[in-house]
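So, here's a batch of structures to check.
First chain A sits with chain B, and in the next complex the same chain sits with chain C.
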Partner chain A sequence: MHHSTTISAPFHLRRLLSEVLTIAWVLATCYLLWASLRYVTDSKHPVLVVSSESMEPAFYRGDVIFLSNCQQKIHVGDIPVVWFQNRSLPMVHRAIEVHYAADSVKADSTFRQLVLTKGDNNDVDDRVLYPEGREYAYREEVVGLVKGYVPYAGWLSLIVSDRQWILYLMLGAVALFVR
Partner chain B sequence: MHSTIVRVQNVFGFFTTVAFCVAGVIALSVFIHPQSPSASIKLRNVQVVKGRPHYYSYKKEEYANIKFDLDTDLSTLFNWNTKQVFLYLKAVYPSTSASNPASEAIIWDAILPGAQAPWHQNHYIHPSPKNKSKPKTKKGVKPPPIYPVGQIHLQNQRPKYQITDISGKLQNRTDVVLELGWNVQPWVGALVWANKGDWGMWKGVKGGVSRKFSLPEIGGKAKKEDVATEKGKEGHRLEVGGEHPVGKKGF
Partner chain C sequence: MSATTKIAVHSLADLKNTSDDALPNYLTSLKFKQNHTQTDIRLALGYTAVAISGALFYIDWKFGWEVTKPYTAPAVIAYFILNTAFSYWIWFVENGVIFEGEGKTGKLRIQTSTKKHMPVYNLTAIFTPTYASGSSSSSKSTTGPQQTLHLRAPFTRWFTADGYFVAKPFQQWLASEIPIIGAADPKNVVEDIGRGNQTQTEAERVLNLGGDSNVLEVLEQLKKGAAAVGGGAGTGSSAGKGGKRRK
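Here is the complex of A and B:
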């Protein structure tokens, strides 16, 4: 009868823990879904936002693309996402040449896949963009092939990546309203 | 429960759910649209020349310039969810090493826009057949397309790209075929490529592969117009700073 009046301070431990649990549960579910997507597509980056105009009119800036890395053999006409080491951004272009060369790196002497890419909106192929001395990209440098897309859905992400202060503003606004 | 913020949140959440469902239905609807693509490809002429990649390379490689005839009807690929079809003709030839899979290289491509696609400079414009006269058009009025969307009829078409092999040698290569491929880009959903077999209502492509041929030896000095290539629409783009060639540092 007097239980509710014994808590005089505004601090409710049970309610706080319950809210923390809810947040933790939401975060864990998001992470689990993301990890499952990475597992199913066999790709470290299953979702990307297009940030250049080099594949117009197929992909415009702000489009969201879904990748899958399950297809081992790349064919010309596919759209591999090539991410060279030490580059901050990957290249989403179309494969226009695929060759196979004897593999001098792996011990079991299987063949290695070499890919030349070109953006639909570019005049020349991507050789000038490849690292020094490289004529082709390797299959290992492809993080996935584009299999699906949703237009315009990535615009907020592009705006935020260009202007980081918007992200802090949004976080501040959320914190203000949740209180 | 009735504050403005909560109302805005509810509307936004409902909008997102509806947009997601509509996009899903549109994306899945393409599978119930029947397709029956057909294509016929003939080799017209092929020449092998020695050349060097036009940027900073010191080694000379052998390039094949393949001219072809193409007749195809891809109009059934266009449904309400088709934004464009990226059409390409590829040359498939065996590797110099018997244990490696065959090499592939695109020699020609075209971007066929869907009916609702906003105009883009790279959209393919079908050339008029040589014997027909061009229809008279008023100034400022777009000329009517020569064939319905998805139908291509090309004779003795120059390639867009001259192809080479990683070995640098292409002359006297046997068992080369030209194969037609396409990539249907939807407004939303999955990208699909050419299917050889039947998938439900989508029939596999009829034809679409040329007869096998061999690449000839390097002939005498080839005439410049015989081994010319056709620049794609993206090659005619005016870029900012485009008057200077892109160097290694450029993007």
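Here is the complex of A and C:
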């Protein structure tokens, strides 16, 4: 728009906008892919990392699991991920009992689903881990059912979540090498 | 701009980008007005797509996933459409165009490309020359037909071995090869890129003369003298022709 007539290097607005666009476009695409995944799986957390040994030998620490929340009815044998309110971490265990509460009809005329879970590698069921007075988990507290997994892929994320400084160290190293 | 920054001579991307940056600068200095419409459309498409994604991200961040859910599908579809248009625009419409504009000598569109591992600058110039016709008082001009030129030159022509860009041979190459640039910058139209900036006559080239020598004048005198002698000996007309042709 403004043509500089000086000999020194002029400020190229369009150049700057183009370069910023390439970065912004990458970020935008990444976020939208993530949003699409959440939408397709109907789950706020479509990808998680297993952090306990309670589901061995099915899942080990460091495995990445893929969830889908589309299946409304939970069956015994499914692996629901239960995330109670005010808890910082969810539980990935197997459903061993599923009941329908006859005394509580939801707005869409279905009965409330009650689920009891237990880790494959645990000796007792999860009742002790449920909030005070609760015997079952509700379907609404399940963020998804495990549909697939990739072994070992989440190890780095486990290491970093324990020691946050490693993440900053890695980012610093990347910044050094890129320019 | 020239020879101020050193680039990596082995990086084809650096070579191309430096040349691509220098070209519009050179052309705008020749008073070619650059047409930014293509760039502007690309930026508009790109930033609209980014804005959609940004808006979705903002809603997610502020209000949480449940609120964002219904907006996600339309946002993704809109983004996908814009993205397709964006990619189409870059790949097919722009297709390597680094300059599009118009000057006194005509309209010009320049596309550049490089092939992997080949240090050669491929340039396609599509231009429509404008011929100023008539006397200087009238501003009538005619436009010639559109022409396309495919040029190639190794980057070694305007980059030194240690990676400095030298503007002169680059400008000479452009002015010499593309007529409407040459018409706007006649000083840079040369036979041999990188040598002098004067056009030489055939005699000067053969005798390998610089600009200051008076050898040509001496040669002309000798020719005139020989023709006079030859004309005196023989008959007029044949001697006149023969004088020029001898040797």
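Basically, the second predicted complex is superposed on the first by the 152 of 179 C-alpha atoms of A that agree within 3 Å, B and C clash if a C-alpha of one lies under 4 Å from a C-alpha of the other, contacts with A are read in each partner's own complex, and residues count from 1 in each chain.
Here, a contact is a pair of C-beta atoms (placed from the backbone, for glycine too) under 8 Å apart; a residue touches a chain by one contact, two chains touch by 3 or more.
This one's a predicted model, so the numbers in the text were calculated from it and none came from an experiment.
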{"item": "First (chain B), second (chain C), both or neither touched by A:Lys44", "value": "second"}
{"item": "Partner chain in contact with A:Ile96 - chain B first, chain C second, else both or neither", "value": "first"}
{"item": "Comparing the two partners chain B and chain C, which touches a greater set of residues in chain A", "value": "B"}
{"item": "Which superposed partner A:Glu56 touches (first chain B, second chain C, both, neither)", "value": "first"}
{"item": "Touching partner for A:Lys73 - first (chain B), second (chain C), both, neither", "value": "first"}
{"item": "Touched partner set for A:Leu16, first chain B, second chain C, both or neither", "value": "neither"}
{"item": "Partner chain in contact with A:Tyr31 - chain B first, chain C second, else both or neither", "value": "second"}
{"item": "Contacts of A:Pro151 with chain B and chain C, given as first, second, both or neither", "value": "first"}
{"item": "Touching partner for A:Leu169 - first (chain B), second (chain C), both, neither", "value": "neither"}
{"item": "Contacts on chain A seen with chain B and repeated with chain C across the two complexes", "value": "none"}
{"item": "List of chain B residues in touch with chain A within their complex", "value": "5, 23, 27, 53, 55, 83-84, 86, 88, 90, 95, 97, 99-101, 103-106, 109, 111, 113, 117-118, 120, 122-123, 161, 163, 165-166, 181-183, 185-191, 193, 231-232, 234-235, 237, 246-248, 250-251"}
{"item": "Of all residues in chain A, those that touch chain C in their complex", "value": "1, 3, 9, 14, 17-18, 21, 24-25, 27-29, 31-32, 35-36, 38-39, 44"}
{"item": "Residues of chain A that touch chain B when the two form their complex", "value": "56-58, 73, 75-79, 94, 96-102, 111, 114, 120-124, 127-129, 132, 135-136, 146-151, 177"}
{"item": "Contact footprint of chain A on chain C as seen in their complex", "value": "1, 28, 33-34, 36, 39-40, 42-43, 46-47, 49-50, 52-54, 56-57, 60, 65, 68-69, 72-73, 75-76, 79, 83"}
